[in-house]
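Next, two complexes with subunit A in common: one pairs it with subunit B, the other with subunit C.
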Partner chain A sequence: MPEEFLLSDDLLRQLMSVGEVDLLVGLPSHNNAKTIGCTVETIEETFQHGFPRERVVIVNVDGGSKDGTSEVVMNATLPKHPSSRGLTSLRTEHRIVTRYAAAPSPGIAFRTLLAAADLLRAKACAVISPETSNITTQWVGSLLQPVYRQNFDFVAPLYCRPKYDGLLARNLLYPMSRATFGRRIREIHSTELGFSGRLATHCLNQDVWNTEAVQVAPETWMAITAICADFPCCQAFLGPKEPVAGSSGTDIVTAVRQTVGTLFWCLESQERVWMERVGSEPVPTFGPDRELSSQKVRVNRKRIFDLFRSGVAELSPLLKSILAADTDAEIQRVATLDERNFHFDEVLWTRTLCDFAAAYHHSRLNRDHLLQALVPLYRGRIYSFLLEHQDSSPDEIEADSEKLCVEFERQKPYLIERWNAKT
Partner chain B sequence: MRETILLGLEQAYENLVHMIADFLPRLAVMVVIILTGLLVAFLLKYLLRFILHLTRFDRISEEAGASHVLRKADLPPMTELLSRSLFWMTFLGFTLLGISVLGIPELQEQISRLFQLFPEIFVAMLVLFVGVLASNFLSRAALLAAVNAGYRSPRLWSGSVRFVVWILAISMALEQIGLARETVIAAFSIFLGAVMLALAIAFGLGGRDLAKQTLERYIGDKGKEKEKEVEPSPL
Partner chain C sequence: MTDRGQTLWYKDAIIYQLHVRAFCDSNNDGIGDFNGLLQKLDYLQSLGINALWLMPFFPSPLRDDGYDIADYTSVHKNYGSLDDFKAFLAAAHSRGIRVIIELVLNHTSDQHAWFQEARSSRESPKRDWYVWSDTDDRYREARIIFLDTEMSNWAWDPISKSYYWHRFFSHQPDLNYDNPAVFEAVWGVMKFWLDVGVDGFRLDAVPYLVEREGTNCENLPETHAIIRELRKRLDQEYSDKLLLAEANQWPADVSAYFGDGDEFHMAFHFPLMPRIFMAVQLEDRKPILEILEQTPQIPETCQWCIFLRNHDELTLEMVTDVERDYMYDTYAKDQTMRLNLGIRRRLAPMMDNDRRRIQLLNVLLMSMPGTPIVYYGDEIGMGDNIYLGDRNGVRTPMQWNGGWNSGFSGADPERLYSPLISNPVYGYQAINVESETRSPHSLLNWMKRTIEVRKSSRVFSRGSIGFLQPSNHRVLAYVRQFGSEKILVVNNLSSTAQAVELDLHAHKGDIPIEMSGRNLFPRIGDLPYLLTLGPYQSYWFRLRRL
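Let's turn to the complex of A and B:
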């Protein structure tokens, strides 16, 4: 490990008592007592049915829960299946619980999991979020199997989503990461993923752990690191993802700051890799490579449009310093369009993002402020998307997404030109 | 009588020669000090410029928004401004030192006063500079937060933040120089109190509906229901 990172004595003792393992499932948690017991049971059920002979461990890394999350992890028991005749497994199924801080930090939690995987010489690992309420044994198996049995090093999840969900991934993260890094991984940012011990060790040895981008979205960074270092990657379809009832989810500003910030930071740190890549390649996918449900989501479109319009008006001096003159002029023109005839097309959206990425690289503005200035424009694009796809079928939405991805790939020379431009 | 006049003239001439003989070396020393000062000031200016270029100070200043303010005020970039300031401060320091060598008592007194104020003036300028940076950064943060949260009049929020930070920086700078300390503190307290009272009255009386809406939005269930249907999940 490049810089000092100390695991607690208690964690080291627990890891030593486990020895070596084949499979490791990590559970980063913070006040998840209500759901984590069920998650642990599902994971153990997966171990019993899918991996009966393997040495396994569940590692819970807790960020200062006050609701007894760790106790629930240790005390969760697998209910006996009616068909089982008492003995289900001869091995010990280990559970490790560690607490890293008084407040949650995705970076520290993830790093602790990687360190545990490295020390236990785990062959395949998966990270599962206890925030998801409908985890099944198929989920855990789908994330571990490709690594353990098919020698993949990174497994990205694929979910079945309502058509208006995951719009940041659909409109920004996927097309931009695909065009730059050259691999078609749809969920570049996800709280569930699978990876090999080899990739865990590789990531652990990178001298990046103190950077904010890696601290806030380590999963995104790992996905991009795997792509850039040419580790074999694949996708596994998990099914619908349902958040825990009552959870507020991530708001747009936080989501943009975390995920887009990490993507832009990776563009900078992996500059030499993506500049040389041309086009994009699909990655092997287990199960369907997309699924949109027609489930209705209540959306206040008018408010989104108003926020876009007022944002463009109020931030116009800032946007002028970030965007190229013609892109800025076009955005100002689009902001004057009528609500019903509004259209924020893919060419303008792509050029906007290229300008923002270049401005981030040239530090034309405080980077956090720059990411926040992107939010109103993202809202404009989302409003246009919602307007256009009110009655669209999943296939039509998919065709539109593909068009956007192709446009991003077409505009890559523009990104490189802006990126290399002297300020 | 003629002899007395001649003696007087001779005395005056001798005095003049003596004064010139006394003054000329001092003048020469003053010129040497000023010329040395010029040389040192030039050296320091180029050294500072080099160091600031090396540490990419302009980029930091651009990020913090200070360069934007300088451009607006038609001033040179931050690196240039700082190196020029150092030049003039050094040159001025040496010039004053040179003048003090002349030995004119009234001038010496004024110069020593000015010298005593020098560190305070420098610190006050530094405080103002940090104030400019902080006010730009914080006002932009307030503007972005207000725009993204959909608040009304985001520029008013941003302007208020900028104004408060400016007032704070100016009062700190004035206090540093020691200029009418009590007056500055009293004026600042009265001003801040008046602004807060005005805001409270404006929000309580003029903006009753807005106050109600805001409270409902944060406390009431209505607000929560509304928030839920605002935007689709980004991730």
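Let's turn to the complex of A and C:
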């Protein structure tokens, strides 16, 4: 069997031609021909207006598109401004297109981007998702500037979200990562982010790339790695994020498996770091640190509630093996509540997650099954959130989120106790 | 001897630009002169150049280094006499060196007899030879060129109590070409020098000859009509003569000065020059490719003139704001280095005296389409003195040897028209013709060899250019072709070694022969042609089908 390499010879040839860059923007793609041309143009415009002197490259890592995505990337052209005499960016604006043989994989795409950043000695990098339909030059610039001009190593995005959007981040990922790793970064799982070449090299050199957690959510892993290794981190406000029309999005089971699975895996791999951290610290934020819009997202609350109840009933034996007895009893009690008077409070939710994280650590059952068992409980928490906040203002929702975060921080000793408990 | 019948001689020329004042002083008065220049013609011949461009040497108050002419048909006494000039001209011609002199047609000195007569009264017969106004608000759309010194294009004349028009310094009133008598007088001046035997004129400040309300007073159709008439008379009455335009404009605007081959023979390609500097600093071929893509085709009998540095500041008028800022930040960090919209420095200091970069720029100069101009002293890597005012820092005496006044003059050093460069890096003790002549690997001897190779083929002077597009943007590669002769030029613009794969399938079967060492390289085949280049390295390959 010939040895398989991450980088193809063709990609290596392209990297050799580019040489060294100041800025790299990565575009992982899979069948994004309809939107990726516009994304490329926006990135080019960012380069021309914001970074006309810098050595720049766009790297498209494609997971075997059948719709001509790569061709669109290569052919996208920014209309020339008539007064500029065509001379806006001083240097050649490079584009690299590469495909990997395997099925679409965030891990392979991300690792390829890190390798490109490392070999090109990029100073600042950004990853942009072609699944987002409203990318602006301000987005790209906001992700690159803190790294390139202010020496940050990791830039997490902040979006302006409708109040029922981003519930997984608001109710789970943010409060739990904040309480454990001690940094107040709201979006640790995002398809847009910025990072330094230094951090890219650091991450590339970690022996983690064959683990499923990193393969499915490498961006989350990078965020936590940056926090744990004390790379300077910040947040940059990007504005509203609108998915491409017709995009199916990720179903909640997959989303939990990918994001929570990676978060739990990171808790395990970074155990020594988070155990020692107390409380949490804000990170520098460029732009508003939160911006909820009052726009509502349609959700089928009834279905969420039914799935919670049926899930708890079906998974009762499994939950018993995961949860502490009092937590399990409380879950069972909550599951009997009438849907109009339903309440899944932050204390129960926090303890539930602590129990799940500890169970993941102790491998009490198949980890994938464990993560799937969390989904009905997450639905219960979300139903409660939707019920309580149907008329809440953005500020009230923010206050409630902060309450949840504080509760997570308060319960951290419980997590440690459960984590360290002998099974 | 010059070949008098070679009508396209200017295409094959390699021009050396100098100021008589700065080159060699024969009478020990501290100022260069024509007799001194004559003594140095052997040096110029050995360098390999075959044309000289002399900056203004006419009587002048010298408030703008001779570009303020007070008498068009004499020689400034500092530089000798008309007979001295004629002797020099004959000696140059006998060595195969043609001589292009400079004429400033747009304006005169305010000391010129024409202007003195014009200002003497509003009824003077010469009054209408200049542009007068009772107010200073005409032609408001015309920009001010010397931003650092002039507030307006109008100046008040207290004698005739009215304003006169000047596009340059206020002591340089513009001639009024709407008056046919002015045109006839100027043609008379040109005839005078053509009859003396000069080979051509570099006409200064061409775009500004005519003014019209509601325009920017540049490149007007009336200006072109004047040039066409001058050219017509030149062709009717003389053969083998040259008109070279100084028009600091975008290529599309300058190319209009070629007309249909009935205006100028040559014009400077101003926008290319800063982009060569930019490309080397950026280590990216993009600036050069972009400006050449915007350069229109010109008539067959016409030619661009290209240069790296000259007597003026490195002009940044024909660049974008972003490019100008970059050039300033890169090459003129010290504000003293900046003048008007440009950088008043010489080639070697701009390249931080990096021999490899100086050579690369000269290779580009010698291999790109156009007639190259070498500014005096740049062939030995002379430095500048940014602490001298205006553009005098790049106009210091030529450095001939390490002895008294660098061999330029026997006068007391205090009497020299300008201090010598004497710092440890660029001073005449370190950088001079004599020491570089003795060193086989000096910049001077490298220049001689490069000029010799350039002159070995008319491909460089007359051939077409086709750019290759290797994926490595740090490599600038092109094929020059003239008839069946082809030369491949490959330049590494970067400070590090580079590999490049060239798509040479159009030349499949040709054998590249490196032109300086005449070494054979592998025959071009089906695969991309792989070359490796050291930092700032260049190759010139003659492609032969054998």
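Going forward, the second predicted complex is superposed on the first by the 413 of 423 C-alpha atoms of A that agree within 3 Å, B and C clash if a C-alpha of one lies under 4 Å from a C-alpha of the other, contacts with A are read in each partner's own complex, and residues count from 1 in each chain.
Here is the rule we go by: a contact is a pair of C-beta atoms (placed from the backbone, for glycine too) under 8 Å apart; a residue touches a chain by one contact, two chains touch by 3 or more.
Predicted model, so just to flag it, every value in this text is computed and none were measured.
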**Report entry** Three-chain arrangement built on subunit A, subunit B and subunit C clash or fit
**Finding:** fit
Query - Touched subunit A residues, subunit B compared with subunit C - result: B
Requested in this report: Kindly classify A:167 by the partners it touches after superposition: subunit B alone (first), subunit C alone (second), both, or neither?
Outcome: first
Report task. State whether A:52 touches subunit B only (first), subunit C only (second), both chains, or neither. Result -> second
Requested in this report: Determine, under the contact definition given at the top, whether A:307 touches first (subunit B), second (subunit C), both, or neither.
Outcome: first
Report task. Classify the contacts of A:390 with the two partner chains as first (subunit B alone), second (subunit C alone), both, or neither. Result -> neither
Requested in this report: Examine A:92 and indicate which partner it touches, taking first as subunit B and second as subunit C; both and neither are also allowed.
Outcome: second
Query raised in the report: If you stack the two complexes on chain A, which partner ends up touching A:365: first (subunit B), second (subunit C), both, or neither?
Result: first
Requested in this report: Look at A:19 in the shared chain and tell me whether it touches subunit B only, subunit C only, both, or neither; answer first, second, both or neither.
Outcome: second
Query raised in the report: What is the contact status of A:341 with respect to subunit B (first) and subunit C (second): first, second, both, or neither?
Result: neither
Query raised in the report: For the overlay built on chain A, what is the smallest gap between any CA atom of subunit B and any CA atom of subunit C, in Å?
Result: 40
Query - Shared contact residues on subunit A - subunit B and subunit C - result: none
Query raised in the report: In their complex, what parts of subunit A are in touch with subunit C?
Result: 13-14, 16-19, 52-53, 55, 84-92, 94
Requested in this report: Over in the complex, which subunit C residues touch subunit A? Could you list them?
Outcome: 250, 278, 282, 284-287, 290-291, 294, 319-320, 322-323, 326, 470-474, 494, 496, 498-499
Report task. Name, in rising order, each residue of subunit A that touches subunit B in their complex. Result -> 164-169, 189, 249-253, 255-256, 259, 297-300, 303-304, 306-307, 310-311, 314-315, 318, 321, 363-367, 369, 372-373, 375-376, 379, 382, 386
Query - Residue ranges of subunit B in contact with subunit A within the complex - result: 59, 62-65, 68, 137, 140-141, 143-145, 147-148, 150, 154-155, 226, 228-235
